[in-house]
Amino acid sequence: MRKKNIRLIIGIILILVMTALFALLPKIYNNNFLLFNIMLYIALAEGLNLIYGFTGYLPFGYVGFFGIGAYSASLLILLLHVGVVPAILLGGVAASIVGIILTPLLRLSGAYFAIANLAASQAIYYIISNPHLENITQGPYGIMLSSVYDATASYNAMLIVMFFAFMLVLFFRQSRFGLSLMAIREDSITASVAGVNVVLARTIAWLLSAFVAGLCGGVFAWYTSVFYPETVFSLNISIFAIVFVLFGGAATLIGPLIGTVILYGMYNFIGISTPQYFQLIYGLLIVMLIMFLPNGVVSLFKKVKDYVP
Amino acid sequence: MSPKEILKVENVEKRFGGLKALNKVNLSVYENEILGLVGPNGSGKTTLINVISGIYKPDAGKIYFFGKRIDGIATYKLAHLGINRTFQIPKPFHGLTVRENVEVAALYSGKQCLKSFFKHLKNFKFMEKGYCNIEDDVQTAISIVGLDKLQDKQATQLNTSEQKLLGLARALATKPKLLLVDEIAAGLNQEETDKIAEILQTLVKKSISIIVVEHLMHFIHKITSRVVVMDSGSPIFEGTLEQAANDKRVVEVFLGG
Amino acid sequence: MELFFYALISGILYGIFFALVGIGLNLIFGVMRMVNLAHGDFIMLGAFGAWLAYSKLNMNPLLAIPIEIFIFMIIGFGVYYAFVPRLSKSRDPEMLSFILFFGIAQIIEALAIFAFGNNQKSIPFSTLGKGSISILSQSIPFSWVVSAAISLLMIGFVYYYLYFTRTGYATRAIMSSPEEASSVGIDVSKISAFAMGIGLSLAAIAGVLAPFMIGSIDPSIGASLTTTSFAIVVIGSLGKPIGTILGGIIYGLAMMFMQTYLASWTNLVPYVILILILLVKPSGLLGKKVRNA
Amino acid sequence: MLTSVAVPIAQEHKMLLFDPTGTSAKFFSPHNPYLVLTSLPTSGVWPTVLADFLISHKINKVAVIYSANDFNQSQAETLKSKLEAAKIKPVYYHAVPTDTSNYTVLIRTIEATHPKALIEFGYPTNDIAFLQNLQASGAKFNMVFTIFPGQQLALIEKNVGTKALEYTYTYPTPPLLVYNKVNYGMPMSEFEKIYTQTTKRPVDFLTVAGYNAGLIIQKTLATSKEFNQLALRNAINTFSGKLFTLNGLFKINNEGAQIGEFLPVGQFQPTKTGIVLHVVYPQNIATGKPIYPAP
C-alpha cells in the first residue's frame, strides 16, 4: 500500500477518535466550557492551517472572520429571526464574502499581507463597534443571544464544525489540490508554469479558511450568548491560533491538533490567572521554534514523516 | 510541402522603463524542429521566452500558437494549451518530493482537478482512485529524464543538474507541444550536457517542437537545425549555424566588433 | 475655521513625532529586509525608561535619552547577532523574522508587566515646560512643541548619518543591494548590526517623548504602535527612512482632523490608510515587488 | 470581560454566581436566575443623580464626551435622555474610541462649543489622559466631571497630580463615601482600620466591593435552609432591601441586578493640605456645597 494511503487511513482514524472523544467527554468531565474552547481552537487552528500551512500566507487578522461570523449569525437571529443553524451557516458565508472583498490582499507578499490583514480585522472591529451603527450592530453594547441559548446543541454544533475543519485539512493534505497549493507556496511562478491556476487555487483556500473561522464565530456566539465586540475581535484569538499551528507544525492534520491540546491546556493551567506568565512562555516558545524547529513539533518525527497525517 | 508553422511571433515589443528589451521581434517555429536562440547577454533571449510563456505581457505585437492568438494569456492557461518551459536557474518546489513536483504539473493544470474537487467533495468520493489519474504521465516524464531512482527525494536534496532535469520532467508532464528551454546546459559538465542533448532529440521525435536558448555553441550545433541570432532586442539573423558563422553582422556582435 | 487651524497645527506637530515613531522600523527594514514586529514594544520600553528617570531618579525625562541610546545600541547589537545571521540563511527570512519578532514582542510585554505592573503610568506634561505657546494665534501645549522639536532634531541626525558619514554611505549601499555592498568590501553584518542598534535607539527616543504626546503608558501599548508605525512607514515608502516624515505628517493630520470632525471613527485612520496604500499603490510606495500571481 | 464569559457558565451549570461589581445590564435576564450583583448598580443607572444635579443647578449647556464601550455609552445615553426630558440638549455629544489616549484636540473642539459643564465618561485610562490633557491645554470649564477619581483616587492622583483634580466632580464611592447606617458587617471606620493593619495597603473601592460581596455570601449561607442553588437564590430575596452594609443598601431586582445603591455627585475641593471630596448632591447626604463655577 502506498504511504499516502496509509497516511489517509491514519488521518481518518484520528479524526474519528477525536470527534468521538469530544462527543463522549462531557459525560465524564463536567467542564464543558473548557472542552468547548479546546474544540473551538482546534477548529480555528485547522482553519488557519488551510491558508497558512498550505499557501504560506499568515493571516494575522484571522480573528476578523471569526468576529464577522459571530456578528452575522447573531444579527440574523436577532434582527431577521433566522433559525440558529442557518444563521451560523450564513455567518460562515458572510466571513467568506469578507474574504472575497479582501482577496486583493493576496497580491501582497509575506509580511505585508500579514499586517494588511491585521489592519483589515481591526478596521472591521472599529466599524462594528462604532456607536453610530448602534441601530444595526448595537455598537459597543455587544450582543445578547440568551433567547436561543442552548448549551448542549451549541456544544454539538462545535463538534460538527471541528469535524468539518478536520475533513477539509485532510482533503488538502491528501488531494492533488492540496499539492498544487503547496507548489504555489514553494514557488508561485513555477506553479503557474506547471499549469496551476495560482489565483483561483489560492482564493479557494483563502475563502474556505475564512468560512471555517466564520462558522466558529457563529457557534461561539450561540454558546456564549453574551459578548462584546472586543470579545470576538480580540487579537489574542488570531495569535493563539497562529501559535498553535506553528507549534504543532503547519500543513499537517495533526500539527495544529497537537499545538492546541498542549498549549491551550497549558494556558488553562497557568494562563488564565496570570496571563503574563503564559505570554512570556509562548513568546519564548515562538523564538525557540523559529530558531530551532521552524516546522513545528511534527518535524521531530522525521523517520515516519510520510505517515504523519 | 512546407513544414507546419506552430508558433508565430509578430512584431513583439517589451519595454522595462525606458529600456526596450524586445524591439519588433518576428519569429516562427515549425513542427518537429529545435530552434536555437543565440545572442550576447542582454540581447533579449530570456525576455522573449518570458513573453512567449506568459510571464511577461508584451507591450505590442501578436503571438499565434497553432493559429490562435495567445499573447497576454496567463501562464497557467498556456500550460494547458501546450506551451511549457524550463528556467535558467532551476526553481523546483523545494519542500516537495521529485514525484510530487512532477505530479503538480501532470495535473495538467489543476484545472481538471479543481473541477473534480467540487464534484468529489459533493459526493464525498474525493479519496478514490480515478480522480485525476495521472500516475502514468508522472512516471513517463520522470523516466524520460532518468530521475526514476530519485523520485522519493526532496527537490532540495538534488544537485543542480538533477534540478534542471526535474524542471524538464515537470515541463514534460504537462504534455507540451512547444517547449522553451532556457540555458539548460550552462554550468553542466560534458557528460551531463550530452545526456540532455540526447533527451531533447528524443522529444522532437515525439513531435514536440523546442526553442533552445544557449551560449554553448557545440550544444546548439549538435541539436539545432536552425538558429535565430538576437542583438539588442531584435533578431538580426536566421539560418543554419554555419551560415551564421559567416554572417558579417553576427560576427561583429559576437566579437564585439 | 479656528478649529481647522488648530487641527492643522497640532496635526503637523503630532505627525513629526510619529515620523520619529516610525523611522527606526523603516531603517531596520531597509537594511535587513526584516519587519521588526517588536518595534512598538521597544518604544514602550523607552517610555518606561523616561518614567523611571522621572519618578524614581527625579531626573528630567529628557536626560534619559543619551542613556537609552547607549543601552538600546547594545540591545540592538545583541538582537542582531543572536537572530539575524541565522535567519538570513533560512528559506524564508522575511516571514520567519516576522514571526520571530512577534515572539520577542510577547516576551518584552510580559517582562514589562512583571517589572512595571499593568497600571497606567504617566509623567506630568509640565516637566517639559509649563503652559502653552502661540503658533499662528493658536495656543498649543508647550510639551507638544518641545517633543516635535526633539523629534525633528533626531530625524535630522538620521539624515546626517545616512547622507554625510562614511558608515551612512555604507548603510545606504546595503539598502540598495547587500550582495554588491559586500562585494565592494563593506562589512555587511557589522553595519547591519549598527543599523539595528540605531533603529532600536530611535524607537526608545520616541518612547521617551511618548508620555507627552500619546498620554499615559502601559506595557500593552506596543502592538498598536507597531501597526501605526507600519502604516506610517508604508505611506512614506518602505526602505527610504526620510520618506517617513511624509508618512508621519499625513498620519498626524488625518488623526487630528478626524478627532475634530468625526471623533468616533478616529481609530480607523491608520488601518484604512494602510490598506488603501497597500492596495492602490503597493509597488510604488513599497519599493519592493509584490508577489507575482 | 471575564464576567461576560461567566454568565453562560453560571446558567449552564446552574450555579449561583455572585458578581462583586458588575456593569452591564446585558448580563441580567429573566431566563437566568443564577446571577447576583452585590455592589454598584448597572452602569446605565449611574448618572441619574448627576443629571438631577445639572438640571437643578440650571446648567443648561452640557458637553458629553464618552468612550465607545458598553459601560460608558450606557451612562452617556442615560444622561442625555434625562437632560433632554428636562429640555436640555447637549451642545456636544460624541463618542471616542476607548483606547483614546490623547484628548488635546478634542478638548479644543469642545471648548469651541462653550459648555457650562464638561462630562467625560471613560475608563481610568481615559480619565487620566483626559485630566492630564485638560490641565496642559489651559482650557477652563465651569464644571468638569469624570468617573474614576471617585473610585480609584490614589491611582488617578498619582498620575495627574492633585492640582488637576481641584474642583472636578465625580461619583464618590466608599471609602470616600461613608454610610453610617450599617446593620450587617463592619462599618467603614472599623474595616479601614483592620484592613490597613493586616495588609498594609490603603482601602479603595474595589476592596470594599470585595468585602461587601463576602458579606452578602455569608448572609446568604446563614439564611438559606437548604444547600442548593435555587434555595440560596431564594434566601437572598428574603433579605434583599433590608441589608445595610458599609457599601450602602443591598437590594436586587428579580433578575439579580443591584438596585439599592445610587451614586451621588461629589466635588474635589482644595484645602490647605490637599484636596477633599465633598458629596454635594443630593442634599440629604451632602457634606458640602458645590463651588460652581470653578474659579
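Read from first to last, the chains carry the letters A, B, C and D; within each, the first residue is number 1.
Keep this in mind: contacts are C-beta pairs under 8 Å (C-beta built on N, C-alpha and C of every residue); 3 or more make two chains touch, one makes a residue touch a chain.
Predicted, not measured: the structure shown is a model, and the values here were computed from it.
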Margin query: I want to compare two interfaces, A-B and C-D. Which one has more contacting C-beta pairs?
Written below: A-B
Notebook entry, point to check: Farthest from subunit D in C-alpha centre terms, which chain would that be?
Noted result: B
Next item on the list: Indicate the whole-number Å distance between the mean C-alpha point of subunit B and the mean C-alpha point of subunit D.
Entry: 75
Next item on the list: State, to the nearest whole Å, the distance from the C-alpha centre of subunit A to the C-alpha centre of subunit D.
Entry: 39
Next item on the list: Would you pick out the residues of subunit D that each touch at least 2 other chains?
Entry: 68, 95, 97
Notebook entry, point to check: Among the residues of subunit B, which are close enough to touch at least two other chains?
Noted result: 94
Next item on the list: Name the residues of subunit C that each touch 2 or more other chains.
Entry: 264, 267
Next item on the list: Would you tell me which residues of subunit B are touching subunit A in their complex?
Entry: 53-55, 74-77, 79-80, 84-85, 87, 91-96, 100-101, 103-105, 107-111, 113-114, 117, 121, 126-127, 131-132, 170-171, 173-174
Item checked: Interfacial residue positions of subunit A with respect to subunit C in the complex -> 56, 58, 104-112, 114-116, 118-120, 122-123, 126-127, 130-132, 188-189, 192, 198-199, 202, 235, 242, 246, 276-277, 279-280, 282-287, 289-291, 294
Checklist line | Footprint of subunit A on subunit C - complex, ascending | finding: 35, 83, 86-87, 90, 92, 94-96, 98-100, 102-111, 113-114, 223, 227, 230-231, 264-265, 267-268, 270-272, 274-275, 278-279, 282, 286, 288-293
Item checked: subunit A residues touching subunit D - in the complex, by the definition given at the top -> 30, 32-33, 126, 129-131, 139-142, 144, 146-147, 149, 151, 223-228, 230-231
Note to self: Quick check on the complex: what are the subunit D residues that touch subunit A?
What the structure shows: 1, 4-5, 7-9, 11-13, 24, 26-27, 29, 31-32, 68-70, 72-74, 95, 97-98
